[in-house]
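Listed after this line are the structures, all set down as structure tokens.
Look for chain A in each of the two complexes below; its partner is chain B in the first and chain C in the second.
Now for the complex of A and B:
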């Protein structure tokens, strides 16, 4: 009996010890929803897909760059990641002194995130997929009208320095996914597909409903305010940017 | 108070014809008189300089007679926790680390090269819309910047005046509500007339999840912001930014100019200084000057320059004359004027009695939140301090020193220390009529305070254990005893 326990323990240890253990995934059940930028109230249909339970952590990313030399801090091409890439790391293989290995990896570019997921046999979630999964509260898949949930999200967006927190410590949503809100922003595969001029108020003309001036926003629509902040953020970044408060997680299509 | 400025002005205009248009080339005192009829767009810049940026309530040095220059403005955006009032924290989003943001001072014709830096630890993208910019979005589109990045854009200042700048990133209302606004001054050629003191004051309204005074880190409340139901209306970003030790200062005989802005996001300010009349107001921050103004309206996203000579000493209270905002939500500042009394102008016996604070609490019949109950003397003092700053501070002042001739001191007060029950009675029932405190006579009115027994006990204990008083602890039982003895 003891032997079995031991071997289980060894197994567990080897799992933890193994470099680059892939994050567990959960299935997000298909459905339709109206995203913030949905023009003319057209819904978007999201087929079944798998999504990482946690954002990718510092440790996981460290293991990744040890194997993929082109993503080492000293080797990376500026075209794919600007000067801020892994800005707080000591060097190519050592995390910075204040970084926790179980916190979400940040200061990584879209190119790096995309390649990381590809190496796992996964991909980045699309913006629609991400937004769809992020609507879920603890109890329901679509909490768009839950005002308590929504003000909680806005509050969490405002708290400074949440990138320092560890993954998986806040609530688990309906699908079993952690940290969609309140830890770090996350890259999506098509983050820049919503055109934003940078002049938020003007965008009312071009992309109806996206930005603040829009009269469509009323008090019952708090979900949109949190979404505003995400879309505004996405609109301000480029694929080679590396930002202290921006990480990612991976997704996977389900083969029919 | 007014000087005989009309004559001076008309003389200046007479000279004007003689000196016309030699202004650009020469940096002489005459430039001031020759400011008309130059198209600002054609003013050539001479050299470059780094702009001095100041935190409120200070302003940078006047442009004086300097030529138009390329002006380098370097501004950093910081999202940081600050203090709204005693015991209440708030996460402010700031231009330059203060609310309102750094004051920018330019002159007509300057070419401003503006670099906006978004600190890497910030969570959100930001931008800046300067109302002094002629161009779509006021610079907003060109200045949209992600955390950990910086952008640079340039503009030429064409119109003299005092202008608001603010963040215009979605959701715009939230960025402004968290403190992202400030003032940029464009002086005419030769600068504004020189005055003795200049200060920077900006009003803003804040919306917190808890009610006014609820302790702890208070998150922004979007619903209240949409409903325009402000919990705090303050000058310079927090309650007490311009009171007590932070009060603005001046000396009798000096002329004071206030650059007053209103960041909003929602409320229009009825800006007033109790006991003063504005000799001059640049209405809405523009060229039009109104004289002898009591209260000037400052729209959200607007500004005004107000100027007055201070003739008598004393503490002048700066308020939004939507008066509940002043006494219940924080829109109260002070200008302390030192110098010789002038009994001819002000007898000193009258009292600013009209706007007596009527207590900081709104009385509700039910659903009142559980109030904190002190379990020790230390806690009692701590809780009492908060009540003091909400309820007693305006008259009795930060150090309990009172206001000479109007409101008696609580610090080292013989009147207070001789009789605890009398002090309790005054809190419960108010006090009218002449009393003598530390040898000075006071004849003024204090209204009855709407405090619970617990709150009254706490605030009295705080007072008795501050400023060299005798250290008495007053308990709710004492309050009840005094209540029933009447």
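Now for the complex of A and C:
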């Protein structure tokens, strides 16, 4: 009898060690697409990769911070996050009164997001990977020409305070991924490769064709308009920013 | 029956060990136990659990925390300093360094790539013009490559020689793709590979004080560098 209790105790104890649950991932099948903002008009090839089904939640980030003291609100280095970092939290280990533990974590910097993913044995998705996975509707991997899907995305961008919603309540796309649209914006590993911010107009040498005006005017469909909003947002932020409507999810390469 | 339970125990133990492996990012929580050490460190690192006095120099022992804090303060890095970065870089002279190895110098930094035909030669010229005007030995001019796959230490060395930037104050750095991306974010430099050989990038020269904190940024090509020069002179004196 003692042995039974002992085995059960050991088994239970082993689960306590893994309270910080890692989000389930789905495979995004390789393919080529033409991003709104790419290297050339030929499009980019995205190899197979894994992507988190949901954005990282407040609870998951809290569990992470408890173990990783350098990302506590009171300890974080200014180099890696400005004053808005975890702005709504009560303190280092308690979420704000209005925060839901199953909502997406926001008010986190790029550096924090990057380290979180690294600690899960994952990484941030690249911008091309993120955009590629975000083209999928419920039924199709590439819904760029589906006007109903595209107007739904635009409408979802117009809703206020969607960061307060819980993850996993929006539609599940072709790959089994939730919340790519209409919950929060998401960090990508190379977000700062978008050279369309104010200063880039005068300072950047070779970018002449993607300025606010030309990109939106030439946008041929609504998908481009939605994508333009995302690229413009990425072009306007810095890695130490912590924004209320900006969260992240992790990705992983598939070893060949 | 017996074997089933021992099997469950075994699975539990394996899971338990595994859970520790999974938590490799956890940081050790420091023990709250008080540890005393001689302030002169007469016994080279020996510690005591109470303040009994140093048996060698007879001085009162100090709490080790306090003692190590004094040491840490000397090497303290400011919260906004780039010396907090732990990335490793190869120089044009094949040395591996961390940014904090550059502590104590005023740093003037720019991101370029050596095969660049358009903006970089002008940016490099801007750097050289600044260095001529400043003319101080306490300034280091650091060029970080955004194309680390091509810009090996050998390529960087050749570039340095060709551009008469081979003296001590010029440092060329090659890092991993990931670390270069991180560093570009520290400098608020944007860049994107637009073809196999070309990058688009912002033209920003950044000045850091001796503690590694950003002090000034000059944006654009061939702009009037008087302000940047005066900021560097201000820091290096």
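Descriptive notes on the structure:
Going forward, the second predicted complex is superposed on the first by the 215 of 256 C-alpha atoms of A that agree within 3 Å, B and C clash if a C-alpha of one lies under 4 Å from a C-alpha of the other, contacts with A are read in each partner's own complex, and residues count from 1 in each chain.
Just so we're on the same page, contacts are C-beta pairs under 8 Å (C-beta built on N, C-alpha and C of every residue); 3 or more make two chains touch, one makes a residue touch a chain.
Just so we're clear, the structure is a prediction, and the values are computed from it rather than from any experiment.
In the superposition on chain A, A:151 makes contact with chain B only, while chain C stays out of contact range. Of the two partner chains, neither chain B nor chain C is touched by A:253. Look at A:159: by the touch rule set out above, it reaches chain B but stays clear of chain C.
In the superposition on chain A, A:110 makes contact with chain C only, not with chain B. Of the two partner chains placed around the shared chain by superposition, neither chain B nor chain C is touched by A:93. Of the two partner chains placed around the shared chain by superposition, chain C is the only one that A:69 touches, whereas chain B remains out of contact. In the superposition on chain A, the residues of chain A touched by chain B in one structure and by chain C in the other are 197, 199-200, 202, 235. Contacts from chain A toward chain B in the complex involve residues 84, 87, 147, 151, 154-155, 157-162, 185, 197-202, 210-213, 218-219, 222, 225, 228-229, 231-233, 235-237, 241-246. If you check the complex, the residues on chain B that touch chain A are 79-81, 91, 120-125, 127, 136-137, 140-149, 168-174, 178, 209, 219-223, 226-227. Taken in their complex, chain A has these residues touching chain C: 3-4, 6-8, 10-11, 13-15, 17-18, 20, 39-40, 64, 67-70, 77-80, 110-111, 114-115, 118-119, 189-190, 192-195, 197, 199-200, 202-207, 235, 238-240. Against chain A, in their complex, chain C makes its touches with residues 2, 5-6, 8-9, 11-16, 18-20, 22-27, 79-82, 84-85, 118-119, 181-182, 184-186, 188-195, 198, 200-204, 219-221.
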